[in-house]
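Chain IDs A, B, C and D follow the sequence of writing; residue 1 opens each chain.
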Amino acid sequence: MTDISPPHEVSHLARVELLSPKPQETLDFFTRLLGMYVTGQDGGSVYLRGYEDPYPWSLKITESRTAGMGHAALRTSSADALERRVGSLRSGNVEGTWAEDEFGFGKTFSYQSPDGHDLALVWEADTYQAPPELRSKILTRASKKPLQGIPIKRIDHLNLMASDVTAVKESFERHLGFKTTERVVDGATEIGAWMTANILGHEVACMRDATGGRGKLHHVAFYYGNQQHNADAAEMFREHDIRIESGPDRHGITQGQFLYVFEPGGNRIELFGEPGYLHLQPDAETKTWLMSDFDTALAIGGAKLPMETYFTYGTPSPLSLEDHEAQFSAPAAQPAPAAV
Amino acid sequence: MTDISPPHEVSHLARVELLSPKPQETLDFFTRLLGMYVTGQDGGSVYLRGYEDPYPWSLKITESRTAGMGHAALRTSSADALERRVGSLRSGNVEGTWAEDEFGFGKTFSYQSPDGHDLALVWEADTYQAPPELRSKILTRASKKPLQGIPIKRIDHLNLMASDVTAVKESFERHLGFKTTERVVDGATEIGAWMTANILGHEVACMRDATGGRGKLHHVAFYYGNQQHNADAAEMFREHDIRIESGPDRHGITQGQFLYVFEPGGNRIELFGEPGYLHLQPDAETKTWLMSDFDTALAIGGAKLPMETYFTYGTPSPLSLEDHEAQFSAPAAQPAPAAV
Amino acid sequence: MTDISPPHEVSHLARVELLSPKPQETLDFFTRLLGMYVTGQDGGSVYLRGYEDPYPWSLKITESRTAGMGHAALRTSSADALERRVGSLRSGNVEGTWAEDEFGFGKTFSYQSPDGHDLALVWEADTYQAPPELRSKILTRASKKPLQGIPIKRIDHLNLMASDVTAVKESFERHLGFKTTERVVDGATEIGAWMTANILGHEVACMRDATGGRGKLHHVAFYYGNQQHNADAAEMFREHDIRIESGPDRHGITQGQFLYVFEPGGNRIELFGEPGYLHLQPDAETKTWLMSDFDTALAIGGAKLPMETYFTYGTPSPLSLEDHEAQFSAPAAQPAPAAV
Amino acid sequence: MTDISPPHEVSHLARVELLSPKPQETLDFFTRLLGMYVTGQDGGSVYLRGYEDPYPWSLKITESRTAGMGHAALRTSSADALERRVGSLRSGNVEGTWAEDEFGFGKTFSYQSPDGHDLALVWEADTYQAPPELRSKILTRASKKPLQGIPIKRIDHLNLMASDVTAVKESFERHLGFKTTERVVDGATEIGAWMTANILGHEVACMRDATGGRGKLHHVAFYYGNQQHNADAAEMFREHDIRIESGPDRHGITQGQFLYVFEPGGNRIELFGEPGYLHLQPDAETKTWLMSDFDTALAIGGAKLPMETYFTYGTPSPLSLEDHEAQFSAPAAQPAPAAV
């Protein structure tokens, strides 16, 4: 364990790029329903931010043949920390490249997780400056809460599907100084890990792809900070034909409140209610869930996380969500109510 | 339709008797977890009330070999209305008997629904008078909110399982002046009906027993009036080994917020959050849900109401909940996560 | 007390007309912030409805020199009930006039309360039919919840300021069959009364005008049915320069959750959270609050209802809200924090 | 600014000792109403913890002639950090003493803030181990949520009243590495500062004592993490004769949800709802509120924070709360409603 990096070198998840085969519908989802602001456009990409995101954008939507994650970038805690993290990655034989052509951010180091996810580290970032008409009276709020849909505040966290959870987890611990707050083991196999760079339950999580796939996105989460908004959002999604996978409910893991839906492009999105347990105790041990506690780990209430999607579907996916689900479903067994 | 009784003859559901093979555990459930007050005891029965129930009791727990509903009593809107309702029932060849030996209530007419449920009508009822130490500063509150568990306010409604929903519904309409606010039809068969005597979505509902059984209790609901309390209660039940069937979520039908659990004696209990849609419009038509809308009808969020219990299990049940569930479950199909 | 009308003759508050000297700002308040739909326009008036209002409109905004209530109309429970109520009013020497030229409603009987408020009774009303794009999947919902602002569901209740509370109260009891659920007395004087035609805590309330004024509007309330929405609305009003008078908090009287603001035209508007106590018990006595309990009566939490506006300002008002407040305020007494 | 310590040397507020002239009533307040567990007793002191506090206690109640704060202890992020922080304090001529006789914690460095508040730093702390019957199924939860009252989760933050806010603030920045997230200035005078050692809005705040007093406690806050619990607690306090000063509402500063009450011993206690804004951005500037924004700074809704208590009363206080309030109140100006 001597290889673990010092803590506090990474501050938080700053931005994610989502790929969508239906970019206009995906954009409508995030703007009309989730009240995100459009702040820029560039070729086939649109840049968006929630009303409390501190930078010019936290979400980039890019047209693509398939759904998936373009990249996710973590912001370090200083310019030096960025250099040290890149140094650590390279010392671990993780290749990567520097670039600096993203709107609102400076030079960025791009690399891949052990499972092939496209990740990045960045320090230089513009602080978003709202125009006068969007300035909030609440000084910690980077812009007014919009009057559109049920607006999310900001990006929250990232969940990666991986063929090898432990390898991904160890990369975050070793090179980025993340701490694993909770994990799930099935016998000798680690099937989930929740990792943080601060006191949150997680900025990044990794879960085992039950199909054995590599490098997929499980979900990106956006923050409400409030249970009622998850309930309101569920009703909104139901009315507007957005498919709800599970929730609103609360995970035992992290105690975070979840609502999982699929945006029209096919990526799974989580709406995140109350933030769950805050890890203030500096020497708390990693909590390990066993399969015998898996029910509580997944949901404190009665919500089900379905095998045919939640544990098997990530993006990019070779099949559409509907086809995937059909393939991974149990043989039909439940007769229609009146037929019994 | 000329046979429908005038409205407003029945005021509300006043009390329910639950039978339990584990009376002490059932009592603990309602007192320790749900904060009900014990107000009396009589032989193998205990009387309880929620802190806003207006009468000396709304729930009677009676020891019995099997779970089930002993009886449910509706309070009429006047002494005359009671006579008129009994007259209507008798004119419809519904037999029944008068008695007046229940604690806190006067003479009561007991009869059976067309499906065999034990129902009763009563007018005479004592208004609960709290002792000084339990008096609330809030004048509409019959007693202080207890500091125990997550206290329910009062009894809310009753849901009956029936072999013939239409017969039960018509009995409530014809003899008691209930109005059907919503119903579900599967082709030509009515598989659910929600009925009210006032502006609530329902005091009494009836759902088809998918096993063809007769005269069972589906659930009794207790009122929180608040979504957060449903969420808090779910966590409490999880911690205290009370099995959650589904929720918290919101039905499309009635817009009521639900959380279904099984009390230790085996009866299904609903915790009822926000009251849902209030039927203020006097000439609103009955809303009819089709099977094509059944998903939204059951839950606005992602909650599932499982065929192997929700549509098939009522009390009394020939099988334990676990055995019932096993028998009505689909053949095992979902591999454990790590096994895929 | 033999003169009290039978209950259930009136169903509910169907619509209110608000007068505004700033009709465009008032319209913006109800559409942009509170998500009401515009359904019609006629001369200097605009018609609006909340997404669960059952009729073509519940609110009419009419340009006028001063703020105030144009009229409020209650819907009876039948055509015959309308005739009976008019008969009762006329037998009590209450004059009135018939008209039938309002959009979406049929013939209407207009009269004045003993204090001079313009009231109306109506039976004939069109049920609102949403165009396909606004149809909700939730069958009890007359139209989709808008994606604009924090939408109210429907009109809820009316609160009248009066020089003589008892006279207004007795008129509702005697001629309309309302029941007084709660009242406040100051010695021998009735200073507030909450009245209902069903099981709600109130459709109509009346409070004493501490300035001795006659026939003013205290407030019209719109329904959220949910505490969080009151909190969200408070934040929205703060950001959008709508003055908050008090709340969010919960009254002891009715247990209703309140948030009071002034719409730009000067009328006080209440946003109504959870509905509070439901009067299911048919023979419950009227609850009487004394001045010694007045603190709890007004607010269960720490909210203050200020004498210089809440108990003295109604519309129409001879002074602007700011001038009224200055005149009725205590002499300046609180030094600025740093000045002490 | 070269004198500011590195960040992350202090982890969080671990424990507070409250002095009470009514220790039994104070204990009842925290156990019966707020559901804290008693974990130890020693002479005139009782040790308590909330169900998610990670150590054997977070609150010590000690009998005393007057109310006030005995001491507050911050936990460092390591043993070395403790040595470094003590070194910094001593290099700044802050005297202090080492001791190690507190239940559940190791050696502790005690010192005084520039305004005379008794503070302490500690590293060694036992992790609380719940006995089997109190173990939670939720692994991040140190013990089961009690079924008593409306249980707080854990201690949250500390607010100190000071004659010189800037001096206290600079001590936290310089010696402990705290970051000031927000402050309020009145002209050239800093009248409030909110400081954190992590991403929370504050672990410690300091507000100017408008009476010019030194070294008092303004309040200790306990965490619900949920708005509804603040509302539920307000109702509980109202019923159980605990005086509510203000709330529930949300501050503009920190966006934290507040409810202020006075525990029976006279100390102000805050119940803390949603955690408010989380400071994820590492290079965010301190936000400065001006007196022109003070209304929004204090409360987003309509709550008032009264000059005669909130800005002038802290503990220890030479006067009882009632006498203090009378002395600092404006001359009586508001006539009783009916008297106008």
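In the analysis below, a contact is a pair of C-beta atoms (placed from the backbone, for glycine too) under 8 Å apart; a residue touches a chain by one contact, two chains touch by 3 or more.
Since the model is a prediction, treat every value here as computed from it, not as a measurement.
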{"item": "Touch-network distance, chain A to chain C, counted in steps", "value": "1"}
{"item": "Touching chain A and also chain D, the following chains", "value": "B, C"}
{"item": "Computed distance of Cα centres, chain D from chain B, in Å", "value": "45"}
{"item": "Rounded Å distance between chain C and chain D, as computed from the means of their C-alpha atoms", "value": "41"}
{"item": "Rounded Å distance between chain B and chain C, as computed from the means of their C-alpha atoms", "value": "33"}
{"item": "Per-residue overlap in chain B, given as positions that touch at least 2 other chains", "value": "137-138, 226-228, 235, 238, 296, 300"}
{"item": "Chain D residues touching chain A - in the complex, by the definition given at the top", "value": "7-8, 11-12, 52, 54-55, 75-78, 127, 137-141, 154, 181-182, 198-201, 225-227, 252-255, 274-284, 287-289, 293, 296, 300"}
{"item": "Parts of chain D lying in touch with chain B, wherever the complex brings them together", "value": "32-33, 136-138, 144-145, 147-149, 226, 228-229, 235-236, 238-239"}
{"item": "Contacting residues of chain C [partner chain D, same complex]", "value": "186-187, 189, 191, 208, 210-212, 227-228, 231, 234-235, 238, 244-250, 259-260, 291, 294, 296, 300-304, 307-308, 311-312, 329-331, 333-338, 340"}
